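Scrolling down, you'll hit the structures one after another.
Shared between the two complexes below is chain A, which has chain B as its partner in the first and chain C in the second.
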Partner chain A sequence: MNASVIIFYCIAAFILITGLLAVMGRKIFRSAIALLFSLTGIAGLYFWMDVNFIAAVQIIVYVGGIVVLIIFSIFLTQRSGEEMPKPLMKRTIFSVLAVLSGLGLTCNLINQYGFGSSSNQSAAFKADVADIGTQMLSTTEHGFVLPFELVSILLLAALIGCIVIAMKVKHEEK
Partner chain B sequence: MNEISITHILFVSTALFFIGMYGLFTRRNMITMLMAVELILNSVNINFVAFNKYLYPGKLDGVFFTIFVITIAAAEAAVAIAIIINLYRSHNSIDVEDASELKY
Partner chain C sequence: MFSLEGLTNFIHEWLNGHLPATFALLVEFVIVGVAAIGLFAVLGLGLVWMERKVAAVMQIRLGPNRLGPKGIFQTSADTVKLIMKEALTPSNADKFLFNLAPFIVIIVAMLILVPIAFARNFQIWDINIGVLYVTAVSSLSVIGILMAGWSSGNKYSLLGAMRSGAQIVSYELSAGLSIISIIVLTGSLKISDIVASQENGWWIFKGHIPAIIAFVIFIIAATAETNRAPFDLAEAESELTAGFHTEYGGMKFALFFLSEYINIFIVCAICATLFLGGWMPFHIGSWTAFNHIMDYIPSSIWFFGKTIFLIFVIMWFRWTFPRLRVDQLLNLEWKYLLPISMFNVLLMTLMAIMGWHF
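For the complex of A and B:
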């Protein structure tokens, strides 16, 4: 049991506990903050797995972007000091049953599958930013330039769509 | 090389996925449902990176899928929040039970 194993279990416990707080808290602002800590813990898990670029993107986009958007929308739409109403008891019981059965089934499947005991560990995993950038914009066989351009069009569409949805409609007299 | 096998990472992401599912089932507030969806998407990202690192260490495809999922999740959150704010403006509530005009 070396330090890496202990760090992994600490990060995993942190992610799961803050995730549980995010979905079970009665105060919406507290659950948004718990979501922020959970996403930061996931970035820590990416650092643990040696994918530094993904960890940086996770912190920038999720922690710096999406959580801030969520907190802004909480301030715009909710009285954030009040507690939210409890969910119905029947709904809670059935969701817990469904979630636990799904969790048991999936964990059982993962446990039985084994994944070939990860035999091909010979090649070291290396995710340099230079390699990622080169392959992202390459037009050869394993390049990702087409989804890159598609995502840029999607972002433009989302930008215009947000403006159109949130725009105040003026009622003009005919 | 660390000694954690891929199975343990998959257990963590499975647990995170079902935590998100629980939030999606029990919450009736749109912002908290959006937060549960973000948890689910993050568990999928962990899966992609873990598969790439442990099963195909010579390639980078899982990393690319993770990048695209993060991008699309950002766009989805922005559009969802625009819809939520617009709904709040017209209904004064963001509870999904109150938004029932298109139901039948």
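For the complex of A and C:
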């Protein structure tokens, strides 16, 4: 058990606890903040794995983008500071069941995958920004240029859709 | 010659000679943490004093002049006053988040300090994604502001926080795009590579007009992102009392105040690194003799000189321009700065491909 492992368990515990707080909290703003910490913890885990680019993207997209959006929408709702009513017993039971089956599925998948020993894998693992960039735009056999372009078209469509929804239509007075 | 590089090497070797590697690393963590807190304290005291002096000069008055020579201890006395004051928590507030918010803001400011190169080989972590890391982590600071505004349980605070959030989120775009236009030239996100690429001249001179446009846009966006006048409508006194930190008092207020100045320092340091060469002395192409003379000035002085000059420029803005309205602020970003900076990135890319820069 070395320092690296201890740090991993600390980060993992942090992610799990804040994740639980996000789900169990009855004040919606506090849940959002707990979700924020959970996502930041995942970014910390990426830093621990030495995949800095993914960590930065995790922070930009999830923390800087999505959580800020969630917080803004909480600000715009009425009476966001009050405690939510207790959830129904039936819903609690079924959500716990759903979580447990999800956990079981994930554990099963991880067991079946059979990871190789970590030492020889980490040597081959390289995640420089430059490498990711070249891979993303290369047209060779393992290049990702087609999915990359498809995703950018999807994003463009989403952007245009947002503008169309948000556009103010001028009602002409009769 | 005085150099910070020698100091860090000496400490590193001494610790590794006397302690096992893990403990030496831990001790180094502690030293770096204490040094960062020390830097924060000095910056807070120094920059507040500088702001008051600059304001005084702009308004033809003396400014603080009683405590110490030129009033230099005035801000220390203010800090002592703030520590002595009771830090109230309003009864209407969400107490946990209310007390957490100032620390979030300060911790985020401390995290951004990590990749900044203060002098030659004097850097906490020369991370591979340097500039991207800065933009990523700085997007966290808006959370602290939103948290403070919401948990105060006060409508002025909430409005101030929302304004501030909208402002930071939108100006991050053009700041990011002007950073990218320099990244196009350097071809690396690493701070040490960016500084090294300016060995034969700073990018603001080498990059022609696109670099100058990017520089101006970055300065405007940086001023807006740090919520400073003329973009200080998040804490517009006449409309919102004090914006998101209306309910804070004592040391908790001081943390917000401190983080504002730290953030100014950080954006100016990034700006100096990208456009003015960071710690790189003023070099001109192949004038070897001239470059050699410039190298005699220590790199830390170059870095802090450039950063403090940029801070002065931002302070100058504050006493020159009137405050913008909300609609003007958003128009400026979305209708002018963003299209200009997008076009500028294209221009810069064309220039980098054709090799028109020096």
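By our rule, the second predicted complex is superposed on the first by the 141 of 174 C-alpha atoms of A that agree within 3 Å, B and C clash if a C-alpha of one lies under 4 Å from a C-alpha of the other, contacts with A are read in each partner's own complex, and residues count from 1 in each chain.
Keep in mind that, in the parts below, contacts are C-beta pairs under 8 Å (C-beta built on N, C-alpha and C of every residue); 3 or more make two chains touch, one makes a residue touch a chain.
Every value quoted in this text rests on a predicted model; they were computed, and no experiment measured them.
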Consider chain A as the common anchor and indicate whether chain B and chain C clash or fit when overlaid. fit
Contact-wise, after the overlay, does A:106 reach chain B, chain C, both or neither (first, second, both, neither)? first
In the superposed arrangement, which partner chain does A:75 touch: chain B (first), chain C (second), both, or neither? second
Pick one for A:49: touches chain B only (first), chain C only (second), both, or neither. first
Thinking of the overlay built on chain A, is A:39 touched by chain B (first), by chain C (second), by both, or by neither? first
If you stack the two complexes on chain A, which partner ends up touching A:59: first (chain B), second (chain C), both, or neither? second
By the touch definition at the top of the document, which applies to A:161: first (chain B), second (chain C), both, or neither? first
Counting touched residues of chain A, say whether chain B or chain C comes out ahead. B
Based on the superposed arrangement, let me know which partner A:129 touches: chain B (first), chain C (second), both, or neither? second
Just to be sure I read the superposition right, which of the two partners does A:151 touch: chain B = first, chain C = second, or both, or neither? first
I'd like to know which partner A:29 touches here: chain B for first, chain C for second, both or neither. second
Would you give the minimum C-alpha distance from chain B to chain C, in Å, for the three-chain superposition? 14
Which parts of chain A are touched by chain B and by chain C alike? 2, 53, 57, 65, 72, 74
Write out the stretch or stretches of chain A touching chain C in their complex. 2-3, 27, 29-30, 33, 36, 40, 52-53, 55-57, 59-60, 63-65, 67-68, 71-72, 74-75, 80-81, 128-130
If you look only at chain A, which of its residues touch chain B in the complex? 2, 4-5, 8, 12, 15-16, 19-20, 22-24, 28, 31-32, 35, 38-39, 42, 45-46, 49-51, 53-54, 57-58, 61-62, 65-66, 69-70, 72-74, 76-78, 84, 87, 91-92, 94-96, 98-100, 102-103, 106-107, 110-111, 114-116, 118, 120-121, 123-127, 131-132, 135-136, 144, 147, 151, 154-155, 158-159, 161-162, 165-166
Which stretch or stretches of chain B touch chain A in the complex? 1-12, 14-16, 18-23, 25-29, 31-32, 34-36, 38-39, 42, 45-46, 49-50, 52-55, 57-58, 60, 63-64, 66-68, 70-79, 81-86, 88, 94
Contacting residues of chain C [partner chain A, same complex]: 22, 94, 96-97, 127-129, 132-133, 135-137, 139-140, 142-143, 146-147, 150-151, 153, 158, 161-162, 165, 169, 172, 188-189
